[in-house]
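After this come two complexes, each holding subunit A, first together with subunit B and then together with subunit C.
Up next, the complex of A and B:
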C-alpha cells in the first residue's frame, strides 16, 4: 500500500506542477495571481472533448487543438482582463479582473456544454498496468513522463532561450528590463501563453484520469496555487517542489487518514510551512533571475 | 481547520441574519391576528391566500435537481389553480435560486419569507442546506417541506420538517438486507463527507452489522473530489466483498472509474444518486453491474396521469425529483383546504393527517417527525448506462 500511495503522490505532484508553474510564471512577469488559471485547464479539457465528439478528430489533433485553445484563452485573459486593468497602476484591479474572467469562463462552459460532469474517452489508456506493487495506467504514466519532460523543457527555455532569459529579466526587475529594450507586455504574453499550454495539458490529464466539468478548475487551481505559494511564488523550481509536496500530502493523508478533510491537510501544511519559512520552500521571484 | 471555521462563519452569519430579521419583525410589531371569527362570505381575503416559496438550485452544478422539482411544482400549481385554487384564491409560488450554496440558501429563504410573505417553503434540495435553513424556518414559524432532501440525520435535527422523499435510513436498510441476502459478509464504505453521505454511511453500517456483516473500514471524500485514488488505495488493501458507495454522481463516477484503473475487483452497492446518468457518462462500462437502491416511482394511476401530462408539457419523461416536487405542492394545497387556513401551524397540523395520499411519487403518510413511512424502494442494476429492475417495490417496514 505504501508504494501505491507514494506513486499516487508523485503522479499527482507532476500534475500539480504543470498548474503551479503557470501561476508562478505569470506572477513572475505580471506580479499577479491569475485566478482564471484553473479555468484555462477546463477550456483545454473541453476543447479536446469537443473536437473528438463533434468533429470526430483523432486524439492527437484534438490534443493540439486543446493546447492552442489553452494558449489562446490565456492570451485573451492577458489582453482583455489583465492589461486594461493594470494600465491604471492599481495592483489589485488586474487580480479582481481575473476573478471576473474565471466567472465568465465557467458560465460560458456551463452554457455550451451543460453543468454535468463528463469524461474524455480514454479507451486502452485507462486499462490497469501492473508494475510490481504498483497499479497504474498509460494515462497516469503519460502525465508523469509528459509532465516531467515539459517541466525540463521549460527550465531549459528559461535558462538558455532569449525569450526565457527575458522572462527572468522582467521577473527580476521590470524597469531595468525595459531600459535594455525588453517590452514587458510582450514578455507577459509569452508567459501567459506558456502557462495556458501547460494548463490545457493538465486539464486533459484530469479529464482522462478523472472527469471534467465547468467548475473543475476551482479545486485544481487552488491545489496548484497552494503549491506555487509553498514553493515560493515566482520561483519555478520552488513550484515543482511545492507541487510534489502537495501531491504527497494529498495522497498520504488520503490513504492513511481520510480524504474527507483534504483541503484542511493541504492548507494546514501551507500554514505550518509559512509559519517557519514565510518566503516559501525556496526564495521567491528574485531567484528566478539568478 | 478551514472547513470548520467556514461553517462557524456561516453559522454566525445565519445567526446575525436571523437576529436582524427578528429585530425587524419586532420593530414592525406583531402581525395582526388572523380573522378567526369565521364570518360568512367569501374566504378569499389576503390571509387565506397560499403563498409558497421554492428555495433550491436553478442554475449551477445541481441545476437539474432544482429544475425537475420546479417543473413538477409548476404542474401542480396550474392544476390546483385551474380547479379554483385554495380558499377561492389562486396559489402563488415564488422561486429563488440557491445554486446549492448554503449562504445563498439562507438569503433565498429570507427573501421568500420576508419579502414575498411565503408561509410555506419548499426546499432545500441538499440535506446540508435543508439543515441550514431549518432553524430559520422554526424561528420564523414557516412550514418547511423538502421534496427530495433525504439524509437520515434530518429526522433528529431538532427543527420541524416534512419530506416527500423517504429518509435514507430506509434505503440504507434495504441495501444492507440485499448485501446480506447475497452472502456478502464484509464491506468497506466509500462516502461523500456531507450530511447525505454520512447519514447513509452510519445507517448502513448499523443495519449491516446488526445483520451479521462486518464493516472493515470507511473513508470519506469531499464533495466533487476529482482524485479518489488515495481512498481507493486504502479500501483495496482491506479486500472487502463489496464496497458500499453513498456518493453524489460526480464523485461516484470518478470513484468507479479509478477503481477499475486500480484493478479493484469488489462489487459496488450504491444509493439513489446512481440513477443520475452522469455516473455512466464519467465511468462508462465500469458501472456495469452496479446495484443501487432508489425510491420506487413510476407505478399507479396517479403516476401514469402525471407522467402523461409532464410529457405533454415538458416534452420529456419525468424523474423522481419532478414527481416529488409535484406531490409536495399537492399535499400542501390539500392540507390548506382541510384546514381552511394557510398559516404554518394550521398547515402543519393538517399535513400530519395526510394518510395514504396516492401521489406521483408513491403513497404518502407522514409520521410525527414529518417523515414518509408509506413508500417503497426499488433495487436497480446498471448495464450499458441503463437501469434495469432487480427487485421492485420493497416496502419500508418502520
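Up next, the complex of A and C:
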C-alpha cells in the first residue's frame, strides 16, 4: 500500500506542479496572484469536452484546441483585466480584476454547459494497468510523464531561451529589465500564455480522473496556489518542490488517515512551514506588502 | 413588502461584513480572506449555544467571543508573515475551518448544517419577523459604522495606517505594529461574529456552504470596490453590490439563468471599475 500511496503522491504532485508553475510564473513577472488561474483550467477541460462531443473531434485535435483555448483565455485575462487595472500603478486593482475575471468565466461556463458535473470520455485511457504492486491508468501515466516533460521543457526554456531569460530578468528587477530593452508587457503575455497552456493540460488531467464543473478550478487552484507559496512564490524550482510536497501530503493522508480532512492537512502543512520559513522552501520573490 | 424587508436585511448584513473587514484589514492593509469564517464562527456559536438552551442574548455574546478568538488565531501569523503570504494563510485558515464544519458531524451537522435555530427574545413567529429583524440588523450595521468612523479618526486608526505605510518607522515611534494588527483583526472578527449570530437567528438555518472562501473573496471584493480604508466606501460598495442583483431581477432577466447573468455582470463590473477607478468607488483620502 505504501508504494501505491507514494506513486499517487507523485502523480498528484506532477499535476499540482503544472498549476503551481502557472501561479509562480505570473507572480514573478506581474507581481500578482491570478485568482482566475483555476478557471483557465476549467476552460481547457470544457473546450476539450466540447470539441469531442459537438464536433466529434478525435482526442488529439481536441487536446490541441484545449491548449489553444487555455493560452487564449490567459492572454485575454492579461490584456482585458490585468493590464488596464495595473495602468494607474495600484497594486491591488489587478488582483481584484482577476477575481472579476474568475466570476465571469465561471458564470459563462455555467450558462454554456450547465452546473451539472460532466466527465471527459476517457475510454481505454481509464482501464487499470498493473505495474508490480501499483495500480494505475494510462491517463495517470500520461499526467505523470506529460507533466514531468512539460516541467522540464519549461525549466530549459527559462534557463536557455532568450525569452525565458527575459522572464527571469523581469522577475528579478522589472525596472532594470526595461532599461536593457525588454518590454514588460510582451514578457507578461508570454508568461500568461505559458501558464494558460499548462493550466489547460492540468484541467484535462483532472477531467479524466474525476469530473468537470464550472467551479472545478477552485479546489485545484487552491492546491496549486498553496504549492506555489510553499515553495516560495516566484521561484519555479520551489513551485515544483512545493507541488510534490502537497501531492505527497494529499496522497499519504488520504491513504492512512482520511481524505475528508484533506484541506485541513494541506493547510496545516502550509501553516507549519510558513511559521518556520516565512518566505517558503526556497527564496522566492519577496512578498510585497499589499 | 416582506420582499423589501429581506432585501434590506441582506444589505445590512453586507454592510456589516464589509465594514468589519475594513476594520480588520482596511487600515493595516493586511488583507484577510478568512472573514466569512469569522462570520460562520459567530453563526455556529449562536446556533450551538441556543441548542443548549442558552438565552439568545447570551448566545450572541458567545458568537462575538468565538469569532474574536478566531480573529486572534488568524492574527498569529502576522507575527511573521507579510503581504501576499498573509492573504494565502488566511485563505487556508478559512478553508480549514470550513473543513472542520463539514467533518465534525456530531457537533455541526456536517454539510447539512443546523436548522431550527431560535429567534431573538420578544419576536413572535409570523409575517412581521422580517420587519423586526430589519430593525435589529440596521441597528447592528449603524453601530459598526459608528465604530468604524471612530476608529478611522482615532489615534489607533492613524497608527494602523502608519503600519501599512512603514512598519519599522511605526515601531521606531513607539507603537508595536504586531499588537496594532492583532487588535484590529480581533475587533473586526468580533463584529463579523455578531453579524453571524444575528444571521443564524434570522434564517434559522446555517450550513458550511454559506461561510466559504468564495464568500470571503466576495466580502473582500466589496471592500475594495467601495474603496479600502474608507468606512463609507465599504458601506457604499456593500449597498451597490447587494442591490445590483436585486435590481436585475426587475429587468426580467430569463428565469433559470438569472443568477448566472447576475454573476457575469458583477464580474464585468469589477473588471471595468478596477480599470477606471483602481482605488475603488470612494477611495480613502490620505492625511485624514
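Here is the rule we use: the second predicted complex is superposed on the first by the 285 of 290 C-alpha atoms of A that agree within 3 Å, B and C clash if a C-alpha of one lies under 4 Å from a C-alpha of the other, contacts with A are read in each partner's own complex, and residues count from 1 in each chain.
Operating definition for what follows: a contact is a pair of C-beta atoms (placed from the backbone, for glycine too) under 8 Å apart; a residue touches a chain by one contact, two chains touch by 3 or more.
Everything numeric here is computed off the predicted structure, so don't read it as measured data.
> With everything superposed onto subunit A, say whether subunit B and subunit C fit together or clash.
Aligned through their shared chain, the two binders clash on subunit A.
> Return first, second, both or neither, reflecting whether A:104 touches subunit B, subunit C, both chains, or no partner chain.
second
> Is A:220 in contact with subunit B, with subunit C, with both, or with neither (first, second, both, neither)?
In the superposed model, A:220 contacts subunit B only, not subunit C.
> Using the superposition on chain A described above, determine whether A:54 touches subunit B (first), subunit C (second), both, or neither.
neither
> Does the superposition put A:261 against subunit B (first), subunit C (second), both, or neither?
Both: A:261 reaches subunit B and subunit C.
> Tell me the contact category for A:124 with respect to subunit B and subunit C: first, second, both or neither.
neither
> Subunit A residues touched by both subunit B and subunit C?
110, 260-264, 267-268
> Provide the residue numbers of subunit A that touch subunit B in the complex, in ascending order.
Answer in residue numbers: 1, 4-5, 8, 12, 110, 115-119, 126-128, 130, 135-137, 140, 206, 209-211, 213-216, 219-220, 250-256, 258-264, 267-268.
> Under the definition above, what is the set of subunit A residues touching subunit C in their complex?
27, 33, 35, 80-81, 84-85, 87-88, 90, 92-94, 96-97, 99-104, 106-108, 110-111, 218, 222, 225-226, 229, 233, 260-264, 266-268, 270-271, 274-275, 278-279, 287-290
> Which of the residues in subunit C end up touching subunit A in this complex?
29-31, 77, 80-89, 91-93, 95-96, 98-100, 102-103, 164, 213-214, 217, 221, 224-225, 228, 257, 260-261, 263-264, 266-271, 274-275, 278-279
> Touching residues of subunit B toward subunit A in the complex: what are they?
Its residues touching subunit A are 1-3, 60-64, 193, 219-222, 224-231, 233-234, 236-237, 249-250, 253-254, 257-258, 260-263, 277-278, 281-284.
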